[in-house]
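Shared between the two complexes below is chain A, which has chain B as its partner in the first and chain C in the second.
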Partner chain A sequence: MPEQLAYTIEVFLNGLMAGVLYALVALGFVLIYKASGIFNYAQGVMALFAAMTLVGIQNGQVPFAHLINAIFGTDVHKFGWTVHSFLAILLTVIVMIALAWAVQKFVFKHLVGQEPIILFMATIGLAYFLEGVADLMWGSELKALNVCAADGVCLPQGLNMWIDETTFNAFGYGFFIDNLDIVASIVAAILVIGLVMFAQYTKQGRAMRAVADDHQAALSVGVSLNFIWVLVWSLAGFVALVAGIMWGAKSGVQFSLSLIALKALPVLMLGGFTSIPGAIVGGLIIGVGEKLFEFLIGAPFLGGATENWFAYMLALLFLVFRPQGLFGEKIIERV
Partner chain B sequence: MLDDTDTAAVQVDNVLEVNNIEVIYNHVILVLKGVSLNVPKGGITALLGGNGAGKTTTLKAISGLLASERGEVTKGSIKYRGEPIHHADPAETVKKGVVQVMEGRHCFEHLTIEENLLTGAYTRSDGTAAINADLEMVYDYFPRLKERRRSQAGYTSGGEQQMCAVGRALMSKPETILLDEPSMGLAPQLVEQIFEIVKSINEEQGVTFLLAEQNTNVALRFAHYGYILESGRVVMDGPAKDLRENQDVKEFYLGLSDEGRKSYRDVRSYRRRKRWLS
Partner chain C sequence: MTYKLGTLAVAGLMAASPVMADLVFPSLSYRTGPYAAGGIPFADGYADYFTMLNERDGGIGGVMTSVPECETAYNTEKGVECYESLKDSGGLVYQPLSTGITYQLIPKTTADGIPMHTMGYGRTSAANGEVFSHTFNYPANYWNGASGAINYLLAENGGDLNGKKISLVYHNSAYGKEPIRTLQELSKKHGFEFTEVPVDHPGQEQKSQWLQIRRDKPDYVIMYGWGVMNQVAVQEAANIRFPMENFIGIWWSGSENDVLAAGAAADGYKALTFHGVGSDFPVFDDIKTHVVDKGLAAGAGDQIGTVLYNRGLYAAMLAAEAAKTAQEIHGTPDITAAMMRDGMEALKITEEKMTELGLPNFGPTFDVSCSNHGGTGLVGVTQWDATAKEWTLISDFAPTDMDVIQPLIEEDSAAYAAENNIENNCG
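Up next, the complex of A and B:
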C-alpha cells in the first residue's frame, strides 16, 4: 500500500473521530432548538459545567469552597473522600436536571412568546452566568478528568495497539487510532440511537416533536410546555455531560472547553438545526473535511493552520447554496 | 333536538358560563368588552360575527390559550361546572374536559395523522387499550383519516387537516369541544360534511360544542343556540331558529333582504359604478 494513501486513510479516520466529538456538542443544540426554537449559546458552557461538576464530585471537592472560606474564615477544600465514578455521573445528571428546571423556571418561563432574538440574548446571559457559577463552585484551575479513577472505572486512552498491529500485518502500515476516540464514537452512536428511539416511539417523545411543530396546538391538546422544555433542557444537559467527559478526557477540564460551542456552529449549518442525524453527519463531515483539507491542501500549499477556519468556510458555502442544511426539515407549506 | 324539555334544561344545566369577561392583549389592546354567554350541556352553541368580533379570543379565554399570546382576562369570570377556569393552565382545562380546536387547524405537520391523533390523548391516563378504542372511534367518524394514517399531516389536504384537528380533540375524551372556524378555507361540500360529523359526534357521544363561525348560514342550521358578537360585545342571542328568522341577522349575516336574496353581482356592479364616477 502506498505510503501517501495510507496516511490519507489514517487522517480520514482521525477526522471521523474528531467529528464525533463535534457532533456530540451539536446534538445538544439541536435538541433545544427543535423543541423550543431557542438557539442555546450556553450549550458549550453546559458541557464545561457538567464536566467540572463531575470532576468536583469525583474528587470530593466542597462546592463553593472559596466562597465559604472567604465568608466564614474557614479553610475547607475537600470532604476527604472520593466518589465512585458511576455514582458521580449519576449525581452530575441530577445536577444537570436541576439546572434545566431552574433555567426553565427562572428564565424561559417568563419569556414565552418573545422574539427569537430575545431568547438568544437570554442564552448568552445564561452562558456567562453559568461560567461564573462553575468557577465559583469548583474553582478555576485546570483539572484532569480522572481517566482511571481509584475505583477502576477507566476511560481507555492512548494508542489502540490492536488496530495498530492488525493493520500493520494487513497493509504493512499500522494506523494510529486513539482508544478514547473509539469509545467516544460508540457512546455517541448509542446516544443518537437512544434519542431517536425516544423521540419516535414514546409518548413524551411524540409530545416533544409536537411542541417542536406547533407550540400553540400542543398547548391546546394539553401538553405542558413547561414540562417538555424542562425535559429537552435535561436531555441537552445530559448530552453536554457526555460531550464534557469526552472532551475533558482529551484535553483536560478547563474553561476553553466552553469554546467548543463555536465549533458546533458550522456543524449545525451543515447538518441543519433541526435534525439529530444531521448533527452527526455534519460533525463527521466537518471533522473529516478539516483534517483532510489540512493534510492534502492546507499544509503543503497554504502554510497550514487551515483547521481553524475550514469549518466556517464550509458553513458559509452551505449557507449560500442550502440554507436549511443537509438534513434540515423541509418547510412544509400549504396555502 | 332542542324541544321544550331541552329549553327548560338550558336554564339549569349550563356546563360552561362566561360572565362578563374583558380581555386585554399585551396590556393595552382591549379586545373583549364584557362578553357573557352560557353553554348548555350536550348542545351545539354557535358564536357568530365578522372578522375581529372577538370569537376566537372568547374561545381562547375559555381554553386558557390566551396566556401564551400575551393576552389576559382582566375582568369577569369563566366557570366550567361551577369552577373558575379563566386563570387555569391549558393542560388543566383539557384535563377538566374542555379542549379547543384552533382556527386554521394547526396539525402537527411533521407528525403522521395517527401520531397527531395519539398526541391528542396526551393528558389521558386510562391505558393504551382505551386510547386505541377511541382511535378506532375517530377512524369510524373520519374514514378518510384511516386511509391517510401514515402520511405526514403537513402533506394532507385542508379538509383532512380539519378532520385531523377535530379527531385529535376527540382523542382527549372531552366533554366540551371549542371549535374555531371549522369551515375556514374549505369547499362548501366539505363544510357540510364536517358539520354533519360534528352533529353526529354531538348526538352520539354527547359532546358539547361551542362553535365560532363566520359562515352564519351553516352554523345556524346545525346549532341549537347562537350568540352574535360585534367588536367585542354580544349584540344578540337566541335559539338558532329565531336568529335564522330575525330580519337583521338575515340582512347582515345571511345576505337576504325583503326583496329576496341579494346577488353578489348587484353589489359588485354598484361598487363599479361608484368607481366610474369618482
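Up next, the complex of A and C:
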C-alpha cells in the first residue's frame, strides 16, 4: 500500500475515534434540548463536576475540606480509605441525580414558560455556580483519573498492538489506534443503544418522548413534567460522567475539562440538537473531517492547527443546506 | 513624673515620625479557571515567602510586607483590571503571570513608573533595559529556554546535531510561537532539521499532532505548552511510544501537574528550569516553622517543594532582595515603586547570597544592569521520576547561546522602540 494512502486511512480511523469522543459530549446537550428546549451551557461543567466527584470519592477525599477546616479550625482532608471504581461510579451517579433534582427544584421549576433565551442564561449561571461548587468541594488541583475493574485491570491507554501488527503485516505500515479510543467507542455504542431502548421500550422513556414532542399534551395525559425533567437532567448527568471519564483519563481531571463542550458545538450544529443518532453521526463527520483536513491541507499548506476552526466551518457549511442539522426536526411555523 | 514625661516624649517622637506603611507586593494570581492547577501553587509560594519574612524577620528592613491578591483567572482583561484596581495600594512590583497580561501592562507600568517582573515569560526582548525601562525578565526568558534545550541536546550528542530532526510542539499563541525564530536560527547554525507542530488552545485533543510526529519520526521533541496541553501531550507521546527522555518541555511544561496524569508512562520526561526542584533547602524549614506550623500558609501547605510553588517562592525571594537593594541604595526602608525599580536594576544574585537565604544552588547567579534586564540566561534541565514522583535537576545551570539570542533581542526591542518613540533609557 502506498505510504500516503496508509497514512490517510490511519488519520481517517483516528478521526472516527475522536468523533466518538465528541459525540459523547454532544449527547448530553441533545438529551436536555430534546426534552426541554433548553440549550444547556453547563453540560461541559457537568462533565467536570462528575469527573471530580468520581475521583474525590475514589480517593476518599473529604468534600468541602477547605471550607470545613477554615470554619472549624480542623485539618481534615481524607477519610483514610479508597473506594472501588465501580462503587465510586455508582455513588457519583447518585450525586448527579441529586444535582438534577436540585437544578429542577431550585432553578427550572421557577422558569417554566420563560423564553428560551432566559433558560439559556440560567444555564450559564448554573455553569459558573457548579464550577465554584466543584472547586469548593474537591479543590482546584489536577487529579489523575484511573478507573479500574480490579488491581491492574484499568482503562487501557496507548497503542493497540494487535491492530499495529495486523496492519503492518497486511500493508507494511502499522496503524496507530489508541486503546482508550476503542473503549470509548464501545462505551458510546452501548450508551446510545441503551438510551434508544430506554426511550422506546420503557414507560418513563415514552413519557420523556411525549414531553419532548408536546409538553402541554403530555401534561394533559398525566405525565409529570417535573419528574421527566429530573430524569432527563439525570441522564445528561450520567452521559457527562461517561464523557468526563473518557476525557479525564487522557488529561487528568482539572478545570479545563469543562472546555470539552467547545468540541460538541459543531457536532450539534451538524447533527441537529434533537437527535441522538445525529449526535453520533455529527461527531463522526466532524472528527473525520477535521482530522483529514489537518492532514491533507492544514499541516502541509496552512501551518497546522486548523482543527478548531475547520470543525465550525464544516458545521456552517452543512447549515447552509440544512439549517436544522442533518437529523434535526424541521421547524415549520404557520404565519 | 519622670515616667510621665518620658512617655509623653516617646509619644511625641512617634507622632513626629512618618508612619511606616507595608511594603506591598501585589499578586495577580489565578486560583480559578482552566489554569488554576498551575496558578495556585505559584500564588501560594509567592505569598508564603513574604509571610515567612514577616514572621521571621519582621518584614524587609524592619517594614512589614503585604501581598494583596487579585484573581485574574489567567484572563488578560481581568489581569489589566487587577492592575488598575491595585495600583493605588502602592504596589512595588507586579508579576502578571501571563504573557498576554504582560503585553498589555508594559506601556501602562512604564507610564505609571511601576516595575514589572516577568520571570521566564512575557515579552522576551524586554531583557533590553535600554528600551524597556520598567520591565524585567531575569533570570531567563523563552529564547534562553530554546537555546538551553538545544545546548543540552548538543551535549547529549557530542556537540553535533547535524542531520537530526527536532520538532517543536507549541501552544498556538503568542507565547507558544516565541521560540520559533530562535530555533530556526539555531537550526541553521547546528544543521538540524526543524519542524513546527502547533496545537490550538486549549489542547485537549492532539491526535493529529502526535500522528504527525509518529510519521515524521523526529529524534527530539521540544514543547512550549501550558495547562491541559501539557498533560495531553505527555500522554499522547507515551501512547505513540515516543521516548520520554527525548521529549523536553519548557519550564511551563515541567511541573508535577504535567506528568502525574500520565502515571508511569511519563517516566524520563525532561523539562527546562531556571530554579531548583524539591524541598531539600534550608528555607523550607523556615517556611514550615514560621508559616505552615502557625497556620499562616496561603494554601493547604501541601504544595511546598512542588515546581510551581518553588517558582512562586523564587519570584518572591527575587522581589524581596530587590527591595532590600532599593532600601540600601536610597537609605530608607520605606521605598516607593520608583526606588524598587532602581533596586531591581542593581540586583546581584550571588551564590553567597543564595546560601545565606537558605537556597544554596537553588538558582543561577546573575547581575541585572540598566541595559540588561534579563540576567545571564542560565538554564538547567530536570527529569521526572514517575516511581518516586519527583523531579531531579540533571544538569548545571548552563549558559545559553547569546550570540544568537542577543541580536534577536536587539532587533525586536529596536522595533518596539521605533513604534513607541523610545529613547535609550541608559544613554
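Throughout what follows, the second predicted complex is superposed on the first by the 322 of 335 C-alpha atoms of A that agree within 3 Å, B and C clash if a C-alpha of one lies under 4 Å from a C-alpha of the other, contacts with A are read in each partner's own complex, and residues count from 1 in each chain.
Simple rule for what comes next: a residue touches a chain if its C-beta (ideal position, glycine included) is under 8 Å from a C-beta of that chain, and two chains touch if they have at least 3 such contacts.
Note that the structure is predicted; figures quoted are calculated from it, not measured.
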| item | value |
| --- | --- |
| Partner chain(s) touched by A:A170 [first = chain B, second = chain C, both, neither] | neither |
| First, second, both or neither for A:L87, with chain B first and chain C second | neither |
| Chain B versus chain C as contact partner of A:D213, first or second or both or neither | first |
| In the superposition, chain B vs chain C on chain A residues touched | C |
| Which of chain B and chain C A:A102 touches, first, second, both or neither | neither |
| Which of chain B and chain C A:I260 touches, first, second, both or neither | second |
| Contacts of A:I124 with chain B and chain C, given as first, second, both or neither | neither |
| Contacts of A:V221 with chain B and chain C, given as first, second, both or neither | first |
| Chain B/chain C common contact set on chain A | none |
| Complex contacts: residues of chain A adjacent to chain B | 112-113, 203, 206-207, 209-210, 212-225, 329, 332, 334 |
| Interfacial residue positions of chain B with respect to chain A in the complex | 63, 65, 67-70, 89-91, 93-95, 99-102, 106-111, 115-116, 118-120, 122-123, 152, 154-155, 158, 168-169, 171-172 |
| In the complex with chain C, residue positions of chain A that touch it | 7, 10-11, 14, 17-18, 21, 66, 77, 131-132, 135, 140-142, 144-146, 157-159, 176, 178, 247, 250-252, 254-260, 263, 290-291, 294-295, 298-299, 303-305, 307-308 |
| Contacting residues of chain C [partner chain A, same complex] | 31-37, 40, 172, 196-202, 204-205, 207-209, 211-212, 214-215, 227-228, 231-232, 235, 238-241, 257, 260-261, 263, 265, 300, 302 |
